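Presented sequentially are two complexes of chain A, the first with chain B as partner and the second with chain C.
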Partner chain A sequence: MSEFLQHLINMLVLGGTYALLGIGLTLIFGIMNVVNFTHGILYTFGAYIMFIVVHQLGVNFFLALPLAVVAGWLLGAAIELSLLRPLRGSDIDTTMLVMIGAWIAMQSGALWIWGGVAKSVTTPFPEAPLVLGPVSVSWLRLFVLAAAAMLIVVTYLLINRTKLGCAMRATFQDQDTASLMGVNVDLIYTSTFAIGSSLAAAAGALLGPVYVIFPQMGDLAAVKAFAIVILGGLGNITGAVIGGFILALAEELGAGYVSSGYRDAMGFLIIIAVLIFKPTGLFARSERVG
Partner chain B sequence: MTRTFRIVPAIALAVALLGGAANAQTIKIGVNEPLTGAFAASGTYVVNGAKIAADEINAKGGILGKKLELVIEDNKSNPTEAAAVAEKLITSDKVPILMGAWGSSLTLAVMPKLMEYETPMVVETSSSGKITTTGNPYIFRISPPSAIEAAAFKGIVDKLELKKVDFLIINNDWGRGTAEDFSKMMKEKGIAVGTVETMDQGAQDMSAQLSKLKGTDSETIIVTTAVDQLTLIFKQAAALGLKKRIITTGGSQNPDQIIAQAGAAANGTMHLTTFLPWFPEKTPNPEATSYFIAEWKKRGYDFAGCTESFRGYDGIRTAAAAIEKAGKAEPAAIKAALWDINIKGLNGDIVFRKSGPEGKESGQSQPNVYLIEITDGKIGMKTL
Partner chain C sequence: MKSGIAILTVVAFASVPLWLRDPYLMNALITTGIFIIGAMSLNLLLGFTGQLSLGHIAFFGIGAYVSALTSLGFDVGLPFGFRIVHHPWPPIAGFVLAIAIAGLCGYLVGLLSFRVRGAYFVIVTISFAEVVRLVALNWVELTQGPLALTNIPSITVGLPGLGDLTLRTKLQNYYFVLAVAVVTYLLISRLVHSHFGRAMRGLMENETLAVSVGIDVTKTLTLAAVISAGIAGAAGSLYAHYIRIIDPEVFAFINTVTMVIMVITGGKGSLAGPVVGGMIFGLLPVFLRPIMAPKAQWIAYGGVLIIILFVLPRGIVPSLALRFAKRRSRPETVAPVTFSERDAKEHA
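After this line comes the complex of A and B, so read on.
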C-alpha cells in the first residue's frame, strides 16, 4: 500500500511538469496550428538560462526563474518574427520543415556553446526530503509542482478570462473577422507563440535543476508534450493538464507494476488507444476534426 | 556534356587518392567515442585521456618515426552512429586501428564492421561478456568484462553480509550483461536475487523504479549505469527515503562527481571501479599513474574524470605499442602484433589472452577491480 501511495505522489509531481509542457505546446500546436518542433529546444534553453544565471552570474535561484521565463518569451518572439511571420498562410508542411530546421540548428548551437557534457544546477532546497508517514518527496519537487500549478492557473485565466486571451481565441478561429473587430493579428500571433515558448522555458527552468542539463534533454520532453496535447485534445488547456497527469500515472504504474523497461512505452500505448477510439483527444469537441 | 560528367568522379577519385598519400606523413588511430547524448561526459573524458597519450608519444618522437594522429569521431551514444563512424574512420580516414566505442551496445554495433574491413579495435570501456565471446578476432579489450567484475566482487560478499539483492540496470547490453553475471555469482554464494528493474539510457526520472525497490525485502541494490544517471539515482533515492545499501558496478561512476553533485546522498554507497587515482601508490604502476594524474590536472580537467579517462590513455598506448611492434601501419600486421605486446597499463599489465571460440578468439587483458566506499564525502578503499 505504501508503495502505491509513493507512486501516486510521484505521479502528482511528474504530472504537474508534464501538464506545464503540454499547455505551452497546446497553445502553439493546438491553437496556432503550428507543428512546433522547437518546443523541446525552448525547454532546453530555459534550463541553460537557469544554469548561466545561477552559476555564471551568481544570481539567486528564485530570481533566475522569472529571468528564464522572460528569456524564453524573447526567444519565442524572435522565432515567430523571423521564421513564422514570413511563412504565414503557407501550408503546414512547409512550416513544419522550417521548424525542424530551426530545432536542429538551435540544438547544434546549444551543443557548440555549452558542449555535450551534462551540467547540474544547485538549488537552495534541503537535501533531506519531506516525510509524510510511509511516503516522502523532495522539497525541490514540491516547489516545482507548486510553481507549475501556478503557471497553469495563470495561463488558463489569461486565455479564458482576459481580453488578450479572447483576442487570441478569436484570431485563430477566424483571422479576418478578428482583424475587422480591431484585433492586431500580427501582435496576437507573436504573443501566442511567445507565451507558449515561455511556458516551455519555464518547464525547462524548473526541471533542469531536478535532473541534469544537456543539449538533447528537450527531445524526449517534446515527444511527451506532443503526446499530452494529442491526448487532451488540440488547443484544450484543461485537456492538456489532465493529459499530463494521465501520462504520468500510466508511466508510474506501468513502471511500478508492469515493467520498468517499458516505462516510456506505457504513455504511448494510451495515445494509440486514444487515437483509435477517440481520435480528437479525450476532451476535445468532435467538431474539430477535418 | 556526358563526357565531362564522367570525368568528374575520376578527378574526385584522384584527389582522394592523392589526399590519402599526402596524409601518410602521420600514423592514424581512429577514436570512436560518445561525445554527445547519454554518455557524453564519459566519452569526452576518455578522449581527453587519449589525447594525453598521443601527446606523450609524439613528445618522445612518435611511432616509427612519424607523428601519431588521433582521428576523433562522435558516435552520439547511438549504436547505429557508432557503426557508421567506424565505417567512416576505416574507409575514408584509412585508420589501421580503432579505439572505442565506450558502451557495450555501441561496441557490439561496431564489431561486424571490424570483420568486414578486417581492422582491429582496442575496446577501452565496454564490459558486456558477449564482446569477447562471440568469435570476433579483431577485438582486443583492456576493460574488465562483467564476469571478471563479479568474480572480484565474490571475495567480499561474505564480509558485506549480503542476504538478498535487487538490481537497477541500464536497459542495454551493459546493464543486462551485468545483471546476468552478478546474479549467477550471487546464486553460487547462496545470496537471493530479487527483482531486476531497468531504465532507458536517456531516462532522467527513476522515481518509479526506486519506489518499487524501496518496497522489496532486499537490503542491497546493485546499480549499473554511467555517472550522469547515477547522480540522479542517488538524489532521487534520497528524496524517496530509500535507505538500502547501494553498490554500483561498471567503473564509469566518477565517484568525485557523485560526491559533488549528489552530496550527502552519496554517503554509504559502494562502487566497483577499475582505477585508483586517489591512491596512486596502491596502483600497479604508481609512476605512470602519477604522471598521468599530474598531466590531467595540468590541462585543467576535472579530477573526477580520471577514473574514466585513464582508459583512453591506456587504450591509445596499447594501439601505439602494437603499431610500433608491427613495424608498419597496416591492419593485419597490427592485429598480429597486439598478441605480443606487454605494456604497463595504469591498472595492471596489458597482455592479451585468448577468449571466445577457438580459431577466432578475441583478446582480453586482465585488469584489476577495486571496491571503494564513500563515507562523509571521502573515498576509502575496501579490500577485495
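After this line comes the complex of A and C, so read on.
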C-alpha cells in the first residue's frame, strides 16, 4: 500500500510537467494544425538555459526559471516566423517534414555546442526528503509540482480570460470567420507557437534539475506530449492536463509493477490504444478532422 | 526512352565495381543501396497512397531481427513454462521469413492504423516503431538487448549449375543488393501501373471520390502496407547479413527520417525519386566527411531537408521531368499533380 502511495506522489510530480508539455503541444496542434516536432527540442532548450543561467552566469535558481520561459518564448517565435509563416497554407505533411528538419538540425546543434555528456543542475533545496508517514518526496519535486501547477493556472487564465485567449479560441474554431471579425491570424499563430514553446521550455527547466540534462532528452518528451494531446483531444487544455496525469500514472504503475524497461513504452501504448478504440480522445468536444 | 535510361542506369551501377576499388566507398554504396530499397518501399506508401508512415524503420528492423534470429537460432522461455527452441536455418530462409513476417506486421499495423488519417496516422506509426524498439531492447533473452546479435552469417545463394555461393566479399554483396534493388524497382513499377496502382492514386487524390467509384479503401491501403512492409523487411534482412551485427539502435527514429529525406528529396510519387534521393543522401556523408565534423553533418541534413521543401517541394525527379516536358512541350509526360499544387489551384 505504501508503495502504491509513493507511486501516486511521483505521479503528481511527473503529471504536472507532462501537463505543461501537453498544453503547449495541444495549443499548437489544435490552432495551427502543425505537428510540431520541435516541441522536444524546446524542452531540451529550457533545461539547458536553466543549466547555463545557474552555473555559467551564476544567477539564482528561482530567477533562472522565468528566464528559461522567456528564452523558450523567443525561440518559438523565431521558429514560427522563419519556418512556418512562409509555409502558411501548405499541407500538413510539408510543415511536419520542415519541423522534422528543424528538429534534427537543432538537436545536432545542441549536441555540438553542449556535448553529449549529461549535465546536472544544483538546486538550493535540502538533500533530505520530506517524509510524510509511509511516503517521502524531495523538496525539489514539491517545488516542481507547485511551479507546474502555477503555470497551468496562468495558461488557463490566459486562454479563457484575456482578449488574446479569446482570439486564439476563435481562430481554433474557425480561422476564416475569426479573421473576418478582425482577428490578426498571423499574430495569433506566432503567439500560439511562442506560448506553446515557452511551456515546453518551462517543463524542461523544471524536470531538468530533477533528472540530468542531455541533448536527446527532448525526444521522449515530445512523444509523451503527443500521447497526452491524443489522450486529451485536439486543442483541449483541460484534456491535456488530465491526459498528463493519466500518462504519469500509467508510467509509474508500468515501471513499478511491470518492468522499468517498459516505463517509456506506456506513452506509445496509450497512443495506439486511444487511436484504435476512441480516436477522438477521451474528452473530445469537437469533431476531429484530418 | 524511359526504359532506355533505366537499362543504362543498371548497366552503370553494375560496372561500378570494375573501376571502383576503394573498400570504404564500396561499403557506402552497399549500405546506400540497402537504404534505397527501404526508401522505395516507403515511397510506395508515401508517394502513391499519400500516407506518411514515420514508423517504417520498424519493418526494416523486424526484417533484420527475424532474419538474424532465423539463421542464428534461439532458445527463449515463455510464460506458463513453455519454451521455444529454434535451431539455425540457412540465411536465405531468414531472408524469405523476414519478408513474410515484416509483411504480416504491415498487415496488422495497416489494419489498426488506417482507421485514422493525417497527423494521427503518422503518430500511430511512430509509436509502433518505438514500441518495437523497446521490446527489442528489453527482451534480452531473445534479442540480447543492447548487447546486440553478433556473428550473423552471410547469405548463401544457390546458383543454378554453379553450386552454392556465400556472399562474403563486398563485390558479391554489392551485386546481390543491386539485384534485389532492380527486382524491387520492377515490382513497384508493375504495381503502380496496374489497376491496383490506379486505385492507390485515386485514393490519394480524392478519397471520397475514389470510394464512390467502388474502390475499397481499407483493402487497397492495407495491401499497399503489406507490400511496402515486406520490401522493407527484405532490406532489413540484407542489412543484417551484410553488417552481421544488429542492435536495437536499428529502430532509431533517425533511420526512418533518413528514408523520408531520400524519398522527399528525390521526389515522392516518382519511381526514380528514391533512387536519386537515396544516392544523394547515402553518399553525402562520404563527401562531407573530409570537410565537416559528423555532428555538423546532421545539422546540414536537417538544413537540406528544409531547403528542399522550400525550394523543390515536389522533389528533384518530378521537377526535372516537368522542366524537360515543358521544353519539349509534351504535356502527357507531366508528372502527376501533387497535393500542394492541387490545393494551390483550388485557392486561386
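In the analysis below, the second predicted complex is superposed on the first by the 286 of 290 C-alpha atoms of A that agree within 3 Å, B and C clash if a C-alpha of one lies under 4 Å from a C-alpha of the other, contacts with A are read in each partner's own complex, and residues count from 1 in each chain.
Note that contacts are C-beta pairs under 8 Å (C-beta built on N, C-alpha and C of every residue); 3 or more make two chains touch, one makes a residue touch a chain.
Fair warning: this is a prediction, and the values are worked out from it, not measured in the lab.
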Which holds for A:Ala255: it touches chain B only (first), chain C only (second), both, or neither? first
Mind working out whether A:Leu14 is in touch with chain B, chain C, both or neither, as first, second, both or neither? first
Now for A:Leu180: first (chain B), second (chain C), both, or neither, which partner does it touch? neither
What is the contact status of A:Gln6 with respect to chain B (first) and chain C (second): first, second, both, or neither? first
Once chain A of both complexes is superposed, is A:Glu127 in touch with chain B (first), chain C (second), both, or neither? first
Pick one for A:Asp264: touches chain B only (first), chain C only (second), both, or neither. both
A:Val117 contacts which: chain B (first), chain C (second), both, neither? first
Touching both chain B and chain C, residues of chain A: 111, 259, 261, 264
Which chain A residues qualify as touching chain B in the complex? 2-3, 6-7, 10, 13-14, 111, 115-118, 120, 127-129, 131, 136-138, 141, 211-212, 214-217, 220, 251-252, 254-256, 259-261, 263-264
In their shared complex, at which residues does chain C touch chain A? 52, 112-113, 115-120, 122-124, 126-128, 130-131, 134-135, 137-138, 253-254, 257, 260, 264, 293, 295-299, 301-306, 309-310, 313, 339-340, 343, 347
For the complex, which residues does chain A have touching chain C? 29, 33, 35, 83, 86-87, 89-94, 96-98, 100-109, 111-112, 219, 223, 226-227, 230, 259, 261-262, 264-265, 267-269, 271-272, 275-276, 279, 288, 290
The residues of chain B that touch chain A in their complex are 35-37, 40-41, 44, 74, 171, 197-200, 202-205, 207-209, 211-212, 214-215, 228, 231-232, 235-236, 238-241, 261, 263-265
